[in-house]
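Labels A, B, C and D are assigned to the chains in the order they are written; within every chain, residues are numbered from 1.
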Amino acid sequence: MEAYFIAIGIIALIYVILSLGLTLQYGLTGLINFGHVGFFAIGAYTSALLALKGVPLVLSFAAAAALAGLAAWPLGLVSLRLRDDYFAIVTLGFSEVVRIVITSEGWLTNGVQGLPGIPRLYEGLGGSAAQLAVLVTVLAVTLVGTWIIRRIAGSPFGRLIEAIRDNEEAVQALGKDPARFKIQVLVVGAALAGIAGAFYAHYITYIVPDQFIPLVTFYVWMAIIMGGVGRVSGAIVGTAILMLFLEGSRFLRDIVPGVSEVDMASVRIGAVGLLLVLFIMYRPQGLMGDYTKR
Amino acid sequence: MTHTRRQFVGTIGAATALIGAPSILRAQAQGTFRIGALCPVTGSGSPFGSGMQKMIIAAAEAVNAAGGAAGRKIETISEDTQTSPQAAVLAAKKLIDVNKVQAVLGTWSSGVSLAVVPLTNDANIILMNTSGAPALSVPPANAKGLSYRFQATNDRFGRAFAEICEREGFRRPATMAFNNASGVGNTEGFRKAWEAKGHKVVESVVYEPNQPTYRSELQKVLAANPDVIVTGSYLADTTIIMREWYQSGQPVKWVMPGWAASPELVKAVGPDVVEGIISVDSVSNENALSYKAYDEAYRKATGQPGQSNVYAAMTWDMVHALALAIEAANGTDMAAINAKIREVSNPAGQQVYTYAEAKEALKKGKINFEGASSVLDFDQYGDVTPDFGVFFIEGGQLNRRYVVKI
Amino acid sequence: MSLEIHDISKAFGGFRALDGVRLTIETGSLFGIIGPNGAGKSTLFSVVSGFARADEGQIRLDGQSLDSLSPPARARAGMVRTFQVPREFRHLTVRENLMAAAPKQTGESLLGLFFRPGRVREEEGAIAERVNETIRFLKLSAVADQPSGKLSGGQKKLLELGRALMVEPRLILLDEPFAGVNPVLIGEIMERITELNTRGIGFVIIEHDLEALTRLVPQLAVMDRGKVLAQGAPQAVLDDALVREAYLGGVS
Amino acid sequence: MFYAQLLVNGLVQGLVIGLAALSITLVFGIARFPNAATGDFMTFGAYSALSAHKVTGSIAMGGLAAIIATGVISLLAYLAVFRRLAERSVVALLVASIGIAFFIRAVLGVAFGHSQQVFQVPLSRPYVFGSVRITPLDLQLALVALAALALVFAILYLTPIGRQMRAVADNRDLARVSGIRPDRVMIALWLLAGSVAGIAGMMLGIKTIVTPEFGWEMLLPAFTAGILGGIGSPVGAVVAGLILGVVQEVSTPFVGFTYKIALAFIIMLAVLLVRPRGLFGRLEGAR
């Protein structure tokens, strides 16, 4: 039983790390990043490939963060020239391009065959002790990430990115270059997503391009919208609800017989959709409130 | 705000109750052996997944009707992998840790099987899959020898394709593959085997899913003037490709895996289009009694012919092989059961086809279970080594002309 | 020391919004620009502050060419603009709006934020001090900790002025500071501007409200259809026949 | 000749994308958000057409069913959700449209199952021009796309409601001031956008196969075409669809069949950076 909860906890925390990045990018800065899964994928593949070559995991995680962050750099430059909604589509396209490149460059990524046998964290500990250790590690990283985002939000930097979100031209008129801030925000968020990807790769132990589809990005968006945009607590609570919902539906079927497994999948996605619409309509500030009510 | 928090805490409480409840409801009953039916009910495996799951349940019923295995009833708990490794890992964790299953059956795509096998290995339980990836045969995936593959590997399929092409006298084969592990695996397997015979593949195309048209892909293949096209494809893409090929008017023969060139394909595009297609299937056993039993169960559960879902035949066999091993081991010790799986399935021994019959025969001596999906003999890696049935589509019917042994 | 606008032209499609505008404005002065709707006043501000690119012409501030500078760089060069419709950071409080405007903050770089926390704290203290001063000066104390989105139109105009002041510019370009502001507050804003001017900060003010502007500035220019019609002391300019023709609709 | 055939293939692919993009660009131009439910509107249209075709045996009836049913669903989505979010941010509308997309897909999944369905239409041999083959279905597709485009044009430029739609697209506030009732315009818009999506879904369904997910998969190419063509430009959407289709197919000898998909995004990005309003977009005022 508890091993199952540990598993859910690990996956949930990976999603929390993803939503922390999006909180910084969208919640605070107003950048509509619809390509989050692209950075997640870059992190996962970077760390997995290095680890499979025998690089110590500490270094492979660092490389995952660095490479994912680096990949965000050009997007930051592009973001300055595009309207918000165009930026959303461009980032979505970016994540698809990442997936296509991973699919096609088989010499590096093993293409559609995927990478099996990615070393697990704390392999030496074995069994449930290792699982617990992974959970604790992800938790620690999540806490550090949370601390960083909170620290940023409450700082002069945070003040300025919120100003950019509210009115970018006014920021320019005050002698500050929004570009610099947007790029940093994209890079930090992407680096976090890269770390989340590394955890994912070493936890699932097998990665293949079709795990990195836009649905992952949408899940993260759902989490922050349900939790409350622009609030760190919102990211955490929203992810918790999302996981509860996605995993809880398994048990729903155990208890309520008669719903076939096929229908259950439809019911699940339909309920996610309905929930999203209802939240947007009736509780746009999410459960924890949004940035307007701090 | 406080109002919201209270609501939220309430939600958490309710949900915890929800999660906690089944473990109480499902407290381990005495005298059962639990298996998890972990199938791709949704996602890209959805054409097969629910049929696979139903056949696990139906086979378990057949076992139970014959008095169970080692005096125990088989209890099945179903989960959906969503054909996604992440969802599959959580589902497998739930099956193993919450439902305490002692075997996981029915994982389909290689990605899912590769992600789940470390978990079943950790728990020291058996995993039975229908995936094609070679990596599943060897460590680390099969380090403990607890993983069994009921589907021919991609390489085996490729070798069968090569045998068929040689036998049919084709000289200039080309390949078309759906861009995933299994699709590309099949055509690459074919290429290796074909080149080992000293021949050449004239053109190879790998295509992406969900395209509105595959005409350019076809055009490239047809431009090489092949006399046959060998595919690693699925039903949906094959449907589109067949239509577009037919409209191109260029004559060529096709060799396809059975899950693509199936009765559904005939139904979707009409008998004229698919006339003469060679459909290759590891289900070579459709005259066996075990196949008849499976076909009957499948028709009863889904209203479709058993032939339309080869993987369902495999999951049917999974339950049989497992239950017979439990019976032979006369207990639930996993090591003992694992040791018996090959013993009850492989030659020599009395050939048996149904659980009731096999159970009887087991009292007298060594048995050799012949499955619905294949004769069900496992090699040292836990892979089945099926023969391949070679079907020709003629007048809308799939007629078996011969069997290829690898 | 002056802002030199040299033969600036700017067209949108076929429409010439600015047509060879030439103006020289003393940096420390109070200077007004009037003209009917569509005369090109706001476009001129956009071009001067760098938000729109001129098709032709040059702009220099105190001898330094601004032509290749981005809008933020022009602001840093000492010339800050405001907007016709106030662009407050609506989710930030008045205080935060002002603090965000302070230049050269160490805490605005992530490196500085995480590696020089002491310095950041120190700076924040100093900025808060200046912000308090500005709030008192603009008489915004009552609303200092309210989200700026909730302010009245006039208060937002004051806030924009305050934000501009925080940048410590030599020249402020005010785009219709009195539009939509109640008369009491207009007087208030005018007082502040005059006081700031005595401290050496120059203003260029676009205004629709002729009467208010003539009370405030000793020098003004009249624009119409992208051209400067006349320039000089208010009375002299208003007496100009061309101006009367264009701006006052030929009332004579 | 090899390239001529690729060109034809690209045009066919482009027509499908262009039709979907037409629906997207109408909504994007007038209601001002990228409607992520468009793909699932297409799916809905395909299933409507499929059902009508099964019952009546007529493709024309199928088309009619797709147009009407999808128009109605699209209108319902507006009345129930989008109308109430009219004053909210683009993201709110975008996310709500994703929610609606999921919901429609779920309902279709439960109602029709997940197995593939096909339109049982007889296959016919192609017309051969030199070595270029064009199937009757291609021509029908082209005719339908042109008809849809013509219809959209006729509505936009010849009817009073169309003029009002264009006015709202140009400047919503100004339109309101000049006495246009936005609600009527929006109702017309959503009916029109839904109908176009429905017919696009049916055409895609006839060409390929129908599953509950199949429309969603077309969304990204359609968005790309809509933006590339210039938001709010019906001609732009269809032309951009054709350009994307042709570039993708003609490039396959050089980049292969996987990277051709990435190529679409790269073209879009390049065009946006040089010409932020897209190929046919009007100059938009300052935000």
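Note that contacts are C-beta pairs under 8 Å (C-beta built on N, C-alpha and C of every residue); 3 or more make two chains touch, one makes a residue touch a chain.
All figures in this text were calculated on a predicted structure; none of them were measured in a lab.
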Path length in the contact graph (subunit A to subunit B, fewest steps): 1
Relative to subunit A, chain with the most remote C-alpha centre: C
Pair exhibiting more inter-chain C-beta contacts, A-D or A-C: A-D
Intercentroid distance (Cα basis), subunit D paired with subunit A, Å: 30
Whole-Å gap between the CA centroids of subunit A and subunit C: 42
Centroid spacing, where centroids are CA-atom means, of subunit B and subunit C in whole angstrom: 72
Intercentroid distance (Cα basis), subunit D paired with subunit C, Å: 46
Residue numbers of subunit A (touch at least two other chains): 103, 262, 265-266
Numbers and ranges of subunit C residues touching at least 2 other chains: none
Where subunit D touches two or more other chains, by residue: 114, 256, 258, 261
Subunit B residues within the subunit A interface of the complex: 1, 4, 8, 11-12, 15, 18-19, 21-23, 25-26, 39, 41-42, 46, 49-50, 53, 77-80, 82, 84-86, 89-91, 93-94, 96-98, 110-111, 114-115, 118, 122, 133, 135, 140-141, 179-181, 183-185
Residue numbers on subunit A that touch subunit B, as the complex places them: 1-4, 7-8, 11, 103, 111-114, 116-117, 120, 127, 200, 203-208, 210-211, 237, 240-241, 244, 247-248, 250-252, 254-255, 260-262, 264-266, 287-289
Partner subunit D, residues of subunit B touching it in the complex: 42, 46-47, 179, 205-213, 215-217, 219-220, 223, 235-236, 239-240, 243, 246-249, 264, 268-270, 272-273
Of subunit D, residues touching subunit B in the complex: 2, 5-6, 9-10, 12-13, 16-17, 114-116, 118, 120, 122-126, 128, 133, 135, 137, 204, 207-209, 211, 214, 217-218, 249, 252-253, 256-258, 261
Subunit A - residues contacting subunit D, complex: 26, 32, 78, 81-86, 88-90, 92-94, 96-97, 100-101, 103-104, 214, 218, 221, 225, 262-263, 265-277, 280-281, 284
